[in-house]
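Each of the next two complexes has chain A plus one more chain, namely chain B in the first and chain C in the second.
What follows is the complex of A and B.
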């Protein structure tokens, strides 16, 4: 997991998976379809990404296609960071 | 005099045939004439499929013009429509449709396989009107055309002459035994509510109403039928769009909505995450909220971003729909921290605050709010005992519905919500029986005991914590979350899990919820 993914993982563990075993949350664990992130959590996560990484998440990017796994979220954030 | 919700459609279709009755997003709209005609076709087909006055018709589809026209068509055939949560686990939807013995189900093809599998376990599988998709109404029209071709054109008839005492719809809510229960509501219930909205809010025929809540929520009754009565327009917001604050903030402005109605959770998300400063909201006249307490901090923040409209707190369980209301002042006092009252009794009801024996409590004392009037439910479907428990008859012979909500009254007829008398909670506007959550958790093979407690979070919201003991195998938070997503609607999934060796018990060997609440 790269540092971006690790940051996302830590946020999800602290905010929505209190008491969970961190090793069970992998880059490919389904988050939205797996019942870990609900709609409110998804909005909070996108706000966290915007504030932490200084990127803008478009409304359509809060869907499963972009946010369903830590790997996908990492990809979304990296695509928005200046290279 | 109005005899049913259908009279509203008939009158508006005659008066404003070319005005848009309903819009879908991103595209699609039907005028009153088109909506009337499409729902006529549904009526004729349903009748040909055997639907008669007094039957039920299931509508199991995403929010769409197709679903709305199907609901109207069901009522035209004299049936009650039963809207089912598209996103809920299939077993739950199948249970609902089987429980009230629907004669026909209008459903989307993507749901057919999952539903059939569950429905077959419960008995006979009813016939379908299957929609390839849903959205602008064309999918329903295509399905009806396909049936015309396959089964012959259905004879064109008239609307069934339903009266005020016929059931209009059955809305299922969370049940404490683990199975949802059906609240039966008549045309009288619905019409008396819509008429009250007309009196208090004076809607206009150029109004544009939001439909944010799903059709299986009682908020949808105002969203759909107030504009129907006034020849105005309703804009249907699909579930996915409805959860996305930045998109919602844009569409309220771009679609020039004049009436907004949703839970406080959505309004809070709009104010916090909607980037509302980017848009203008000069068209918006009313903001209604219902379903849960609106923390004042968030309400104030919303009002600061959106100062134009009048704000109303609308209160009432599904069993009565809105039965008290309170207008929020245009500028909320900076020092206020207490949530606003639920307000005074709506004019079509009479109310009392009583103790457990049904005796009026002293003025200002805490008691249960009970309601009588034309808005009170007919009963719970197929649950005579539960229905009997929900009512009591006073010495004058008046039948009162027990809301289960504890309130105080300020001496001037204004009620303040205090809490619940049972284990029902409102979370993000969803009504949840904690017993139903426990019942879902018990389906997990490694769960030995489950108890769910609701806590207030720092923001005034509700968090659910599940205390679990295992029958040997260690339980994992992540797998439990995944499991809950399969057996419970998403809004019932616990936020936090606590693992214990055994649940604490009272001296009578019941789960000690008091102790669990203290454990936090």
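What follows is the complex of A and C.
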């Protein structure tokens, strides 16, 4: 996991899976389709991404296509950061 | 699209690659084995439509094995080709051509190089035009049978596609777009999960191929299990709302009504499992929904694809900006209101495209409003208190599991009540359901058992909760057998070969496993819920059902279906007991005694007037569902209207069997089969074809069966009719004896009935649009008169009627339901003129 993905993983573990085994949460663990992130958590995660990485997340980017795994979220954030 | 991960992409066959290739072949062999068992069970248990069992399943399962070994770049195109082949097999060339043409026009328009909103406006105009045609406002050149499938593909899936099109980056991936619209199972499942297009593309072969296939097989087995349980609930536990008078019946009604949703989850598991075989690693569609512990939890577990669709297209676009501007609480309330409104509207929209009419009932509106309120309340509660996520340590504690169990009991109770109310046609009927006359210990016991099961199940589900997407490891022999054996066992026990040693009650249950439909008359009394209407194509679109049944070319007789037992003597055959078949498009059951009829004890109850009805295939009810034969209708009407004073009850026993002749009827009178049931009256149904009873004798001679009766032996000996003669020669020699054979048969039947203290009635019942001559009909009348039989003559029954409207099909001249109704009504009138035949007290 790169630093961006690690930051996202830490946020999810602290916010929604407190006390869970971190090794169980991998870059490919389904977050929305796996029931870890519901709509409210998805929005909270999006707001976290906006604040932490100073990027803007559009409403359509709150869908599973962009946020279902840590790998996908990392990809979304990286696509918005200045290269 | 993700990189394709598959062992088959090995570039060369070096020793290691060769070993890997061999392992792949071995694993695919196990996949093939499991698919073969699944196919066998789907056909054996007659899961869903005949088109699914006999066309789509062999095509999909066979196609999947070939598809796997194709180069990765060809696979999506092969899937499209296979899907179109499926459309061809079901809808034929013309229907498929219309699909392709409509799809081409719609997709070409949506990809025109004009602004997005312009394309949407054009699409809206097209959709409105098609909607007007669907509503029947103007005629269209394509067959009506394609509407439900067309609506399912282009009117609902299109919303997701249009949403994604707006945010699409890069060129269109046509192979994936076409795969998305022409998903093979869609051709036989018009009520289809709303697959997310982004997910569809993203998860395509994103795991090792064999792992995806094994997951698919596992889900199909799960779907099959849901459908079998659904069938048992449907056959044994559903009640008509009018039957609900006690507390126990109310509890049974509500539980069974909610449990019927298993058909939706079963179908969706089959659909998504089947798509896995082609690399589409889609997520679960349902997840332990009966044990949801809150309304938001239920929303996340039941029809998950719908939840994702709503969340993506309606909820998040409203919720996310509002949450940023006005706070989460306001966003939850507004977002949920918009989502529930969209759900209500799109359920009605879906109903329109599948059924051709809009759904608008007060119970439907109230259901969604109430569910919306519960959802908002739960969402606000979760926002305040948070919730335990799958995998968090809290979920592993006993305290949490007990609390989940208790909450699941509450949600389940409310949902059962809401569901029962939702499916009532009117508000008054919905409320009336809950007014019961009595509440006894049975009601309490049933309710407590159900709720305990839900509570325990919820806690257990939490304890053993598997990961959301159960990636299965590639198949091993043991795992393949573990998948295949239980379903094979269900299938095998449902057949007489295994079940013959079981008690009658158990055999009755096993019979129901094989029959997809209720006794049609009972079914008509049942309440039809939203999903029950949409998942049963035979109910909502007869034209499409005919396409699925493919009448004309697939019309096996009872012998071919295994419904007859060959007796190896002059009787030739008899119906097997506990049959549960779909015969000529309808459920066909026999009772413990091998009669196409309900359950009867051998000894009639006191005060019962019993009538035995003997005759050929149309007496048996070839071409009509259980409960619609004229004898069944007659029995029901007599017991309902009670037109004469005397018996407490009338029972009409159906001894009709395909191809029975008057000679067969004589045999079953003589061997005690009929008199064993102690009938007061025997009605021998006669047809003009009785005049060729010699055909029966000819067949017996050719097969070398002992002729049993001296008069037959004498006739056969007199013309030297031997098995070595051709059929034509036997016809030439024996046909002249038709009058003599029939006269003797009638005489002997009359004697047997007299000896057993039973009245014999000869009833001439011709079939509609028959080709036999009037002369034959007249001759059969004369013979019956000459023997002195009591006669009922329905020779003129079809006078002034369009006889073609009374037959099953152009190629099958058996009377249809309307024909049987006509015969029953006329027989009813004739029997009333002869009250002694009804056991009336003088």
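One rule holds for everything that comes next: the second predicted complex is superposed on the first by the 83 of 83 C-alpha atoms of A that agree within 3 Å, B and C clash if a C-alpha of one lies under 4 Å from a C-alpha of the other, contacts with A are read in each partner's own complex, and residues count from 1 in each chain.
By our rule, a contact is a pair of C-beta atoms (placed from the backbone, for glycine too) under 8 Å apart; a residue touches a chain by one contact, two chains touch by 3 or more.
All figures in this text were calculated on a predicted structure; none of them were measured in a lab.
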Would you check which partner chain A:27 touches, where first means chain B only, second means chain C only, and both and neither mean what they say? neither
Which partner does A:39 reach: the first (chain B), the second (chain C), both, or neither? both
Common interface residues of chain A with chain B and chain C? 16-20, 24-25, 30, 33-36, 38-40, 42-43, 46-47, 59-60, 62-63
Contact set on chain A toward chain B in their complex: 16-21, 24-25, 29-30, 33-36, 38-40, 42-43, 46-47, 58-60, 62-63
Which residues of chain A touch chain C once you look at their complex with the stated criterion? 16-20, 24-25, 30, 32-36, 38-40, 42-43, 46-47, 57, 59-60, 62-65
Chain C residues within the chain A interface of the complex: 163-164, 166-167, 196, 198-199, 202, 283-284, 287, 296, 300, 304, 308, 311-312, 315-317, 319-321, 323-324, 328, 331-332, 335, 379, 382-383, 387, 389-394, 467-469
Per the touch rule, the chain B residues reaching chain A in their complex are 240, 243-247, 250, 265, 269, 272-273, 428, 476-479, 481-486, 490-491, 493, 495-499
